[in-house]
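What follows is a short report on a single structure.
Chain nomenclature is as follows: A, B, C and D, assigned in order of appearance, with residue numbering initiated at 1 for each chain independently.
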Amino acid sequence: MLEELKRQVLEANLELPKKNLVIYTWGNVSAIDREQGLVVIKPSGVPYEELRAEDLPVVDLDGNKVEGELNPSSDTATHLVLYKAFPEIGGVVHTHSPWCTKWAQAGRGISALGTTHADYFYGEIPCTRKLTPLEIASEYEKNTGEVIVETFKDLNPNFTPGVIVNNHGPFNWGKNPLKAVENAVIMEEIAKLAYYTQSLTPEIEPIDDQLLDKHFLRKHGKNAYYGQVQNVKN
Amino acid sequence: MLEELKRQVLEANLELPKKNLVIYTWGNVSAIDREQGLVVIKPSGVPYEELRAEDLPVVDLDGNKVEGELNPSSDTATHLVLYKAFPEIGGVVHTHSPWCTKWAQAGRGISALGTTHADYFYGEIPCTRKLTPLEIASEYEKNTGEVIVETFKDLNPNFTPGVIVNNHGPFNWGKNPLKAVENAVIMEEIAKLAYYTQSLTPEIEPIDDQLLDKHFLRKHGKNAYYGQVQNVKN
Amino acid sequence: MLEELKRQVLEANLELPKKNLVIYTWGNVSAIDREQGLVVIKPSGVPYEELRAEDLPVVDLDGNKVEGELNPSSDTATHLVLYKAFPEIGGVVHTHSPWCTKWAQAGRGISALGTTHADYFYGEIPCTRKLTPLEIASEYEKNTGEVIVETFKDLNPNFTPGVIVNNHGPFNWGKNPLKAVENAVIMEEIAKLAYYTQSLTPEIEPIDDQLLDKHFLRKHGKNAYYGQVQNVKN
Amino acid sequence: MLEELKRQVLEANLELPKKNLVIYTWGNVSAIDREQGLVVIKPSGVPYEELRAEDLPVVDLDGNKVEGELNPSSDTATHLVLYKAFPEIGGVVHTHSPWCTKWAQAGRGISALGTTHADYFYGEIPCTRKLTPLEIASEYEKNTGEVIVETFKDLNPNFTPGVIVNNHGPFNWGKNPLKAVENAVIMEEIAKLAYYTQSLTPEIEPIDDQLLDKHFLRKHGKNAYYGQVQNVKN
């Protein structure tokens, strides 16, 4: 079942080492079939070079495995919360990519400091609050998803396709798994730029709203004029 | 038309990912035919590996497309302003290369801190002022060009073949598109050196004028003695 | 003798340049045959590309060479102290990998600042005290081992599979030589993350014990649920 | 003439881009035939991939070209001063390698902060004073050599095989051109380590003399025991 989606999930997972977002097995990508309510996800702890599309586990939105021999990623519960809360996303990716992880360990969100950021993220990339000891002790991975959703209560996840999880690392999403990974690559680049910008000018302020609007909307708004056809990226 | 110029513009665009100045489609190179007043430029949003010389759009200096199916780069208006204001340049390049973009986001120019800088840039690489909300709201890309020209009102663009656009990233130019990209590669390296120099010695001062003159002029002046033949680089 | 162990030691040594832990001959891996009390180790100063399994020297736990033409690594005495003090380890690696060496030169241990750290190291990666002039003057390499053991008097080396040797660089270990190198690669990555985290937030505190426990134990405890089979990594 | 020496100089120059010490033509290596008093050096401004052994210019110690069509490196006069002042060196290399150039631009020498440094450099890597306007105006490249020699008036160039030239970049030397380049690669690594060490612990002090002696002498002294045969590296 879901052969085409599995192929996409495989391809998106293989992007992670290619784009230098992971070493060893430090990341996982999933995708959802919205009609069937089923999620294909990387199996836990399997090296990318051994992944085969037909081995990718399939789970339902309650986390029950409906196909596959292998255990799904230990982060599966986080992915499922995101699919349930953000109805327009089709793919989710989690890694420990270095630059985003540095911001995560510092417990800080990433302000919009330039047009590179504004081209893809419509304002600050937020950092979640820390989980409480209770949230860690029980259903940790599910609670990781919940704290992301809580962070987005006043944010549009289609306009801010990623988050920094405090003490941990980044999650990204998109309309499909490859787009989710593209957003992860770009957020990693933005995290790097922001680190050095703040180091050069510690009291740096976010760019003005006009410039943020201009760059985000020339790529993503209904009057977007970047590229060859009107497209909305997320 | 302009087959040879298109070939050069293609080659120069392909240098961008090779020299690690861009990821995805984060940069564009153009070149001008001064006799005909026509500019060949990268099409908007097309991946470098899909570019073909014959597909490169041609525009006149007012921005009217005179050849090609594809939309020209969304930054075309900026390139055109530079060609009109700087009569000796033959190629223009814009990227979001990481080190220059960090300085751009910090809103800072790059002082001449060593002979590497002096070999190519005759003094500080300036940073533009920020655009006003009005300049952003209307004709944003054209105004980006205008603020660069304003920054160079007392500077010789042939001796300072690049600029940091505030909040945004670098523009470079040269006598042809490949030379423009070479200047971009070198400015990226200089931006990196300057970051770490300032971190080691925060109160660092620019090098003395004598040393600046010596290095710039041994490569670029009329008595240049670097290399195998007298050449003026810009 | 020990052909299979020599093959493993060769493979583990070849990982060092592949994973960018060394330049030139700046690192060495060994492994122990616990039954025979014999250690296979890289020969001193031999480039990795010239190493052959059959040339690897074998020494006993007193440092006497029992096989091989080549001199064992000048750091052999340090390895031997670790094998004697840490009975469960099967492989040891020493390098001058850049990020760990920076912390070593700064004389600082690496606090657990995020879940990446907690996935592999159960708390701070300690830094040894400096050796005294006397400890340097006589039996320097042996004393380097002794100061590591002293540092671990209240630590479980299986839960903290590495150390920063003051002024010098990292040592890592594991149940076999490849696992030791994997721990070295991961410690290098953690050292990099920690540097930037502290730069972003100088007053950063270690993560809470609950989060440390959660991540370390989901991978390493007896109720570990990461991966495809229950496994204890060290 | 000097075919074997030309072959070595070619090989050493080709190491520069391979080891990431240069971009474009930002470095040059030379070697001396002490018996004949002749120096083979890279021609000025020629890309490494176009270099051929038979095209390398030969100059005498007064800088007169005795063979070759091409102009020798514009830095030739600096090389010649070093060969005359340091009688045991056989090769010289100058680059704008990034980490050493950062220290040069900051006008700072590199203290011995760890055993990696002590393995190759017997104490601080010094930074020259700045040249005076007069020294820049006339015979600049020769004066660059003179200020290096002045910096070494109380130093043994065989024990400190490199220097930081203020505002400029590194020079290195060795018993032959390949060894000179090896020293340049190592000094670049040490410069990187030192930058981050100082950032982690700004008030860092050099390592104790005992540790400096131990590491330098176990590799370079007459009782050296590193490697497979007694060797003195410089």
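The rule is short, and it goes like this: a contact is a pair of C-beta atoms (placed from the backbone, for glycine too) under 8 Å apart; a residue touches a chain by one contact, two chains touch by 3 or more.
To keep track of the chains, here are their UniProt names: A, B, C, D = L-ribulose-5-phosphate 4-epimerase.
Remember, it's a predicted structure, so these values are computed and weren't measured experimentally.
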Chain D reached from chain B - shortest hop count over touching chains: 1
Type of chain A:chain C copy interface by residue overlap (half), same or different: different
Chain whose Cα centroid lies at the greatest distance from that of chain B: C
Intercentroid distance (Cα basis), chain D paired with chain A, Å: 47
Centre-to-centre distance between chain D and chain C (centres being mean Cα positions), rounded to whole Å: 33
Sequence positions of chain D contacting 2 or more other chains: 199
Which pairs of chains touch, using the document's own definition: A-B, A-C, B-D, C-D
Chain C partner contacts - residues on chain A that touch it in the complex: 23-24, 26, 43-46, 70-71, 74, 96, 98-99, 101-108, 130-131, 133, 136-137, 140, 167-169, 195, 198-199
Touch list for chain D against partner chain C, complex: 113-116, 182, 185-186, 189, 192-194, 196-197, 199-201, 204, 207-208, 210-211, 214, 218, 225-228
